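Each of the two complexes below includes chain A, the first together with chain B, the second together with chain C.
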Partner chain A sequence: MSAAGATTSRSVRRVWLPRLDAGDRLRAVIIAVLLAFIVIAFPQLLSGYWVTVFTSVTIYAVVALGLGILMGRTGLVSLGQIALLALASWVGARLFFATGLPFPIVLLGSGLITMVLGTLVGLPALRLSGLYLALITLMLAGAITVVLTATNFPNGGGGFLGHVETDRGAAAVRRPAIAHGDTAYLRYTVIVAAILFLIALIHVRAKPGRAWAAIRQSEPAALAGGVNVTLYKMWAFALASFLTGVAGGLLAADSGQLFITTFPTSDSITLLAVVLMGGIYSLWGAVVAGLLMQFLPALLNNWGVNADWLTIIFGIGVMQVLLTAPQGLVYQFPRDMAKLGRRALGLVGRVRQPARERAG
Partner chain B sequence: MRKHLGSRKTRSVLTLLILAIGLSIVVSACGSSNKSSTTSGGGGGGGGSSTTSQAADVTKCGTKPGVKATGTPIKLGAIVTKQPGTDFTDGATMADAYFHCVNDNGGINGHPIKYKWYEEQTNPAQIAGFAHKLIQTDKVVGIVGGFSIIECSVDHKYWESLGIYELDAGIAPECWGTSNSAPPNMGPRYSSDGAVQGVVRAGAKKIAFDQSNVPGTGYIVAGPQSVAKALNVPITTFKDNVPIQDANSIALKLVQAAGSDGGVVLNFTPPEALKILQAAQQQNLQDRVKAWACSTPCNTDFVAKALGTQWDGKLLVNAELNVTDNNGPQTRLYRAVFDKYGSKVSGGLGSFSQMGFVMAQQTVMALESIKGNTYDIKTVNTAIKNLKGFKTDMLCKPWYYGQAPLHIPNNTDYTTTPNHGKMVIKDGCIPINAADPGIAKVRSIEQKDPSLSQPGTTVPGA
Partner chain C sequence: MIEVKDLTVRFGGVTPLDHVTVEFAEGTNGLIGPNGAGKTTFFNVLSGFVRPQNGDVTAFGENLLAMAHFRRARWGLRRTFQTEQAIEELTIFDNVLMVLEHSSRDGASSREEQVLNAISFVGLTSSPYARVGTLGAAERRLVEIARAVVGKPRVVLLDEPAAGLPDEETQRMGGVIQKIPQEIGATVILVDHDMSLVSACCAKTAVLDFGKLIAAGDTSEVLRSDQVKRAYLGADAEVAAA
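Right, the complex of A and B next:
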């Protein structure tokens, strides 16, 4: 390798693969063990119902990850992520029906096409921010919903739209040959999600992550510091859209059939709420958001409690998080548990001391 | 807006936005938790309470009056839609009420029925999960009394793979078009067929058909189009987004399309249909066409009361079930069971709870036909599949299941009209036109086996 080539290679490694310290390496090992448990053992412990629930949790964790990158990393507010997920599911389903390509290739295609569409959606972000950008994305979400209501989702029909109206049962979106059953598909989804989280982590820990942080803190300062604000804003939208696109492909194959009623515009607001509650500054926050959005309703349904209560709980939860822990439950919960533990230990100590004094 | 905002400013805006979202979620949740949503009140042919109920004997529910069933429970389940704006739980809660009545009066050969239903929010993955849970975790042996927007589409293959014959009041086309589903109702397509027939009977020479722009419009409109063609009446079709924003222009558009010798047919939920009808009234359009008609959802006193007497006799509604204040024995028992056991039926007396009651009676009839003491998926679903000749005063003709590639056993309907704030019967039972291919297939099935729709065992009534 030439000297110039070696220098470029070192530069690329420095930008994309930051050096890991001992703590990072320990965390990586713990995460790998956790992932192995979730892929191998965890699905065996679940009934059929919870398998489908955790598949949804995994998919929505990826969608939350996309929103977390936009909002937590770059400071761009989007209220259109669920509509983008609907669009991604449409694209994924159309590709599955129209082509015989291997499942991972279709997922990649779904991600890339959604990335292009999502980046176009993000164009206003170059000029707008805050409330105005939120409003624009919300209106766009409404527009996508109206269009998809009129066109319906592909179900094996012909033409560009691929939709056929039938009373005999429409065709289902295919799953990968190695993951046809629900349990195998959960494992497959977790592995794909892990890869997507890794891609996001690499971005956050590398140059784009630093650029996004600078933009979030202050756009003028970032500009003065030599950050290409336009490029990195669009990059954030592209990455978030790619993640949502792959999640859409996974969702299409998970349910087999898609309906616009699955993607109400109001869910984009709920997603924002759970992402805030989970923690927008942490990738783990996306996992918590996925759990809040899909696991909690399933749990309430399982207990016979109306899941409508969750909207109230989420409303209170968002206020609680904003007032007491802006970094979200992912930071607050361990911190509070540790505090509680220390207090409990202190209490035990105070009880034991007089006893020892009396004994002495 | 300026492109560059200071970070503190941005954070303030974000905080305000987030607080606003938080508050709006709390407010919207308070609104959505209200059980008396507009949809849940729709579809009823009677009032909200059983004021017309005569003294009726609820012990007729079971074979051993007053004896509580204490044997091993027979587990049954259902999946119903409940989400803001759409509450279909009345079918399941009324079925549950009837099962309680049966359990208090001997049960099924001494076995009580244990009924469990899950409320879904039109999420296919969630619905598929509930289906698995009912079978694998709850160990139910039959799926009865469900009422869901998309459940038939999502689960029909699963039920077929397990040999389960579902008894469900459906919305999705697969509820009528597949082998393992048979609803007590006929759904939007065939009900719209009946409404088209209604305006043609009233003398309409041209039809303007309008429906809500929701999934499945192409499937639904094919029915009215084939019936209108068979009756030699031109039809113009429309679909409008809901909630309707400009009812005045829609009403005007429909009247112009129908012409003075034409008829307007609507297929909307009650509140949306009401918007168009009231807009027509405000513009004095109700007399500009020969007739107005609606599919089943308009068959509710809520619509009749809101319209006032100007529409009495002018609006024709295709009703899939009889009015709830009729004096037949099954309807009397329905009202009595509602009074004693129906505290959870939030929508009151109406088509939805009538459907739940009919499905519960069908289930009990099937269970009572089982010889021996084994109530598993095989015996229970064979009994459900073998149901035929189920005669109730709530339906025009005997209902049946049977082995067939499709099931539309409710294919002969009433026509109702508003009368001083109530829906009353205008025309008795009229068969849906067999020009609709689905109806033609069903008539052929009935001709091949006439015993399916011949009155069979007496259904309990008060």
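Right, the complex of A and C next:
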């Protein structure tokens, strides 16, 4: 290539690298401060009930992150993520009861085993896409739920299934020695989730993330660019399943005793709705999705409102997001707040702007 | 040098490519023909998206059809698509890097340098770190060309790279395409309906009509030939294919 090109490029690079580093550094500092607040101060402010709610929020944010990787980044629709979470909880609980391994190792094992299982579930994705893939994953979710209803979750019993019917023999999944209490366990969960978000971020910013973006744009164009589409689709399923697997391990130790009623198949669809609302292209969207899925029902319960209303609210919410801000609430909220602020400032002596300007 | 021998593709009762035998020399080659002539199908055979019923494609002495589709990029085959396929969410830099990191054959110069060179080769004036979603149509098309020329490709297939662009942008695009053989060292096959672009860029041109090769040779002669004019003016199949 031309020598002139090379010189221009060097000057461009000098301009660019510090700029990006500064932005990234600032972002990292903000996130670190936020994380420190959530880990250190936040649990102190919460009563017992809200501590468990926010533990669930954190766990479901990780599950939402997995779906975001599949759908937002790679364009693979999955309606089976909650069933996969149930499977992961089963695996996690089984590992906790079967081994005396340290808690983090069991989490890792739960993640890796679920990764293998989830990737197998993802095999149809290599041939299917869109509605058909959604249907297949929903069917698989149903199948997993049926099987887990029959086998129940491990509670300290013997044999492969590890389940005893009587209350006498039943035991709770243990928590890490350093995080027995609910507050300590919330902190533990947030730290594990932060590590998982970091793993996802590294993937998205690196070669796999670019390959996924290419696949989502167009499979033929990705192939023409040399992307091994099969490999990277499997990779997306593997990462999403790993994240869900670790979340399942966390959930097992969070609830102690697991029941299939925690994982209704319809929750997989709700998860898709909240992920869409939160923002499917953003890692922050997964945090919002976790809040919508676990915090909002708890809030309604607290107010004495039937949480079934959420199905309707989420339905309207998804429609609202798809129509006015396909990128989700994480983009829409700051944008609308900024707009509101500008409007409030410019209100004096001004003709009011139409309420809903076209999204920029 | 790309040699195509007796290439036939059938989809049920349709024969988009019918015993096509043609050679593409080094430099920039035109491939023209009315809509439905089989140009894109031909590109799809080269890319590996369509398996031909019959025939061989040899490029620089290697049997192209024996390679898995995604490996052809690593071998040195690149293409663009009729509908522009630059990835909106990624930056220009990441768009080009994506292709380079999946198809790179040599580690001679740093990847960053290769990517920036490809971007400056196509003459993009926006910052390389601008998101493609913020660019206009012409610039997105240039991003696609940058993706096609990064990492020393051997063959670059351009499928209507100037479709939908205004005249001055088409000219700019033509200038970039003309530089590819010399500066990148790749053989180019250009499909386009814009005859001024084809004659500006291509010394040689092949013409397809209803899946058959009806003319090949020097671009000016080919464009003057009666048969080609008939094909473009919409004469019926028998006359055109005779």
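Everything below uses one rule, namely that the second predicted complex is superposed on the first by the 324 of 360 C-alpha atoms of A that agree within 3 Å, B and C clash if a C-alpha of one lies under 4 Å from a C-alpha of the other, contacts with A are read in each partner's own complex, and residues count from 1 in each chain.
FYI, a residue touches a chain if its C-beta (ideal position, glycine included) is under 8 Å from a C-beta of that chain, and two chains touch if they have at least 3 such contacts.
A quick note: this is a predicted structure, and the numbers were derived from the prediction, not measured.
Of the two partner chains, chain B is the only one touched by A:316; chain C is not.
In the superposed pair of complexes, A:22 makes contact with neither chain B nor chain C. Of the two partner chains, neither chain B nor chain C is touched by A:177.
When the two complexes are overlaid on their common chain A, residue A:227 makes contact with chain C while staying clear of chain B. In the superposed pair of complexes, A:276 makes contact with chain B only, with no contact to chain C.
Residue contacts after overlaying the shared chain place A:207 against chain C, while chain B stays out of touching range. When the shared chain is aligned, chain B comes close enough to touch A:306, but chain C does not. Between chain B and chain C, B touches the greater number of residues of chain A. Residues 216-218, 220, 223 of chain A are contacted both by chain B in one complex and by chain C in the other. Put simply, chain A touches chain C in their complex at residues 1-2, 4-6, 8-10, 12-13, 16, 19-20, 207, 210-211, 213-214, 216-218, 220-221, 223-229, 281. Note for the complex: chain B touches chain A at residues 1, 3-7, 10, 13-19, 21-26, 28-30, 32-33, 82, 84, 118-119, 121-126, 128-130, 132-133, 136-137, 149-150, 153-154, 156-157, 173-174, 176-178, 213-216, 218-219, 222, 241, 406, 438. Chain C meets chain A in the complex at residues 47-49, 69-74, 77-79, 81, 85-90, 94, 97-99, 101-103, 112-114, 116-121, 127-129, 147, 183-184. Residues 47-53, 55-56, 75, 77, 126-132, 134, 146, 149-150, 152, 165-170, 172, 182, 216-220, 223, 251, 254-262, 266, 269-270, 272-273, 276, 297-298, 301-302, 306-312, 314-316, 318-319, 322 of chain A touch chain B in their complex.
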